[in-house]
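Look for chain A in each of the two complexes below; its partner is chain B in the first and chain C in the second.
After this line comes the complex of A and B, so read on.
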């Protein structure tokens, strides 16, 4: 066998190994999701079975029907929880992204005193685990009278997300060449117009991805929400999952069904927005 | 009318001075090139004129109006950037019409002016493409088109050809010259390439370390450089510059070798003066292979050893050793020469330059 054919063979073998590796990685990532979907459709006996039953013997939508059947018939106030989750997640995302854009733009474009210390300070807030703040927040919120309200949770989530959105959006604005805003100013724009006409559309995909991250963080957050909300009027979907736990039993099937209900909007949103996350939009702006 | 007057124009970042109070008058419709090495302050000067940098002191006057604190959009200028700075999310048509859209121009007016500019620059076929689908030269043309559409008083060019390959650069240079003839605006053109400056400009401003070294026509800065720096910067290959001491009508070099003192400087130097002697490669050539501009009596003959030759086809650059250093000379109608060979060289002393060693200023009166 000559050198060329052995090199070709090696390249093919490596390709196959890569594919197997990728498949295993994807399987690890997707399996829990798949398991949740399957568990929501099968009887509790199968869920608890040892060894596990991979292929369900019978499929039923009983858990979903029960969920919407009202209290006393195995139902939970899922519509209210969904509404709470949506209001809290969307509002806090919009606020966090607005602040993130202003902050990110400032860090990317302006020189000011203490810039790196402020940036470092913002990032350091990420090192504090949210749960560590839940008790102080609880006392504070009780005193302020904003415990168990949409406003309280929105405030907490904005604070949680702002450092991260600033950091992400700063990076995206840095990728937009400074020359473009200057060219726009020469073309007759004010600084404000240059931002909205040129820099914002170009950083748009980045800002959208920051928004997705912020939204998903709020949508899935459990630890803070479970401390700061109590009633149906404020509880979010992840906290609602606890409705399936009783003193001695846990309704795994119902819990999994609610989890699926939670996953669907998040998945749909990500799918819609990811189409707009087209990379390389800035190519051709400057030399290349 | 767009005359431009810079008065004591200064730029400082904290304690670091970038531009040190320069004065410059630019006539209406003049093509001015700012040249100098990296960091000489030429781009900063241009950006101050554009309004993209605040000025630290002094004033800028465009068309009789002081614009020191006006934003770029109020100065009626347009600028072509080194990076082109095309808006990647807009088509060529939208790029060209952007300034008109911002100004709120009528649709018909906008279409007409975009069409005019695209015809001048041959962009008609590209109007619906995006910048990423264009070649470097095409992008450069769109950037110029965007500047033309505004119909400004002043065009500012910031090293517009630096990102193009050598062939395209020559081609675009010609296009810029034609464009200036057509649009008849005042142009300020920043470049580090002295060939671009020489070929395009009515007058050249040579800058160094935030100061203006000389302002003059291409011919003036080439033939009568005011300083040693200008002499070395303008011309390719650069002028041969070597230190010497004046001694009784002769120039004595460090090695002890001597040359006659050029006649035009005799009245301005005295024995003991330390000077820098300069001679362009065109004015030193193997005897019979060059053109002397002055009287035959001013041509000094000397035999020198060859170190290296660089054949260029129609001419050869011959490096000869004098004063233990290489002097570059231009040989017209070349014949083959070998390194080590000694050849008779002609030095046209009527074209020589002398600069004071300490100040670097010319000793020409």
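After this line comes the complex of A and C, so read on.
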């Protein structure tokens, strides 16, 4: 065989190996999620079957119907949990973004003494593990009477989200050239007007992604919520999911259905923000 | 004379400071105080008894605690290193793809959308010894005839938890490293090839130094959130069997809420906080160093 064709063969072989590698990697990533979705649609008998049934014989939405038809039939009050999750996540996101915008703007546009240590200090508050923070918060909330309320959890989530929101929004404001706001000020805008009419619209998409990221953090949070909420009036979905496992016999199909309900908003939102999120996190990496 | 006039950045950062002080700093000071008391939830009067370092001393001689501590560090070391390696591999696979890169990128982000509690549940389901996907597949393929007790045997449970942890967090590394690869200028790679570098040398001395800051950003983000392993363990094994997968965080929760020994739990919590801070500061410094290096070279 001459050198040309052996090189061609080698190249084709490498191409095939590469495709297989990529396929396996993607399979590993997607399979667990797909399996959950599939299991939520199968009859419970099929999930428990021995030997296993690989190809579903019938598909039904019974688990979802049971879940949303209230406590009597489904077991856990999914609608209430869903509502709690939504109220808490949205409110705390709005507040965290407002605070984060102010802070991020300060980091992006001003030079001040001890800037990097203030930044590190903010980040350090975020490193406190949720469960460690829940101990004093639990005690304080019981004393203040805000345990097991929306307000208590919202307050905790705002603090949880502020540092990271500042980091992201700082990155997005840095991407907006300083000259633009200065030009607007020369043309007679006040700094306040320049911010709202020039810099804010330009950083807008980035701020939206920071908001969605904050929302997802709240939506998915478990460690704090599991200790600071007790009853149906304040429990969020992740805590609700644990309700299912607490029972002696586990309703796998019901849990899968609840998991799908939890993942759909997260899936949609992450898909929307993915591009901006990566841009915001890395904007400081190259330019410093 | 005008009075004290606060500067603009101070005013802008004030709301953030107030919230963080109220919800993080002050409660932490409170918990620092209570770690010096024998405080129990059932007996509020014990909150005012000061016992000095006795909680800390009894932790130091508590073998369960040290096992949990060692296990936590082991899990983090294994998980972070493998996540980094796999993330790098995944990013390079996706970067090589000529078609459908957008789709691949979206698929790659898939695990990021799962909350830790969901990841835990999903792997609890898959590793179930009786009906789980893993055992079913192994048995159908004839690799093993008996059901493997994934979540029932201590070492296997630890492996299962590590897999869940790695599955959920590799995406963050892959995405950020991919961003680095895509942002990288192509000339240095071509120059290296012209100068006769092997692919490995090109990767080691050209690509890797450039991608490093991105990897450290991922590390920093990850280390901000290392304690999310708590959620996974909580739902998968809840520290069992017989405490074999107990991590620092599950131990803190058990001591505080099941045993009601708040003072002791707070003392333990401080170890977990210090651990998190150590990880973050370490990667933050690496990040700063990598940034300045890049700034000097490009």
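Miscellaneous remarks
Keep this in mind: the second predicted complex is superposed on the first by the 227 of 288 C-alpha atoms of A that agree within 3 Å, B and C clash if a C-alpha of one lies under 4 Å from a C-alpha of the other, contacts with A are read in each partner's own complex, and residues count from 1 in each chain.
Simple rule for what comes next: a contact is a pair of C-beta atoms (placed from the backbone, for glycine too) under 8 Å apart; a residue touches a chain by one contact, two chains touch by 3 or more.
Since this is a predicted model, take the numbers as computed values, not measurements.
Contact with chain C, but none with chain B, is seen for A:33 once the two complexes are overlaid on the shared chain. When the two structures are aligned on the shared chain, A:189 is found in touch with chain B, with no touch to chain C. By the document's definition of touching, of the two partners only chain C reaches A:135; chain B does not. Ranking chain B and chain C by residues of chain A touched puts C first. Once chain A of one complex is fitted onto chain A of the other, the partner contacts of A:256 are limited to chain C, with no touch recorded for chain B.
Contacts of A:179 after superposition on the shared chain: chain B is touched, whereas chain C is not. Residues 281-282, 284-286, 288 of chain A are contacted both by chain B in one complex and by chain C in the other.
Chain A contributes residues 177, 179-180, 182-190, 193, 197-198, 201-202, 280-288 to its touches with chain B in the complex. Within the complex formed with chain A, the residues of chain C that make contact are 7-10, 12-13, 15-16, 19-20, 22-25, 27-28, 30-31, 34, 89-90, 93-94, 96-97, 104-118, 121-126, 130-131, 133, 136, 139-140, 167, 171, 175-176, 179-180, 183, 213-214, 217, 220-221, 223-224, 226-228, 230-231, 234-235, 249, 252-253, 256-257, 262, 265-266, 269-270, 272-273, 276-277, 279-281, 284, 291-292, 294-295, 298. Those residues of chain B that touch chain A in the shared complex are 50-52, 71-73, 77-79, 81-89, 98-99, 102-103, 130-134, 136, 139, 146, 150, 163.
Residues of chain A touching chain C in their complex: 18, 21-22, 25-26, 28-30, 32-33, 35-36, 39, 47-48, 50-52, 54, 98-100, 102-103, 105-107, 110, 112, 118, 120, 122-140, 155-156, 158-159, 162-164, 166, 216, 219-223, 226-227, 238, 241-242, 245, 252, 255-256, 259, 262-263, 266-267, 270-271, 274, 278-279, 281-282, 284-286, 288.
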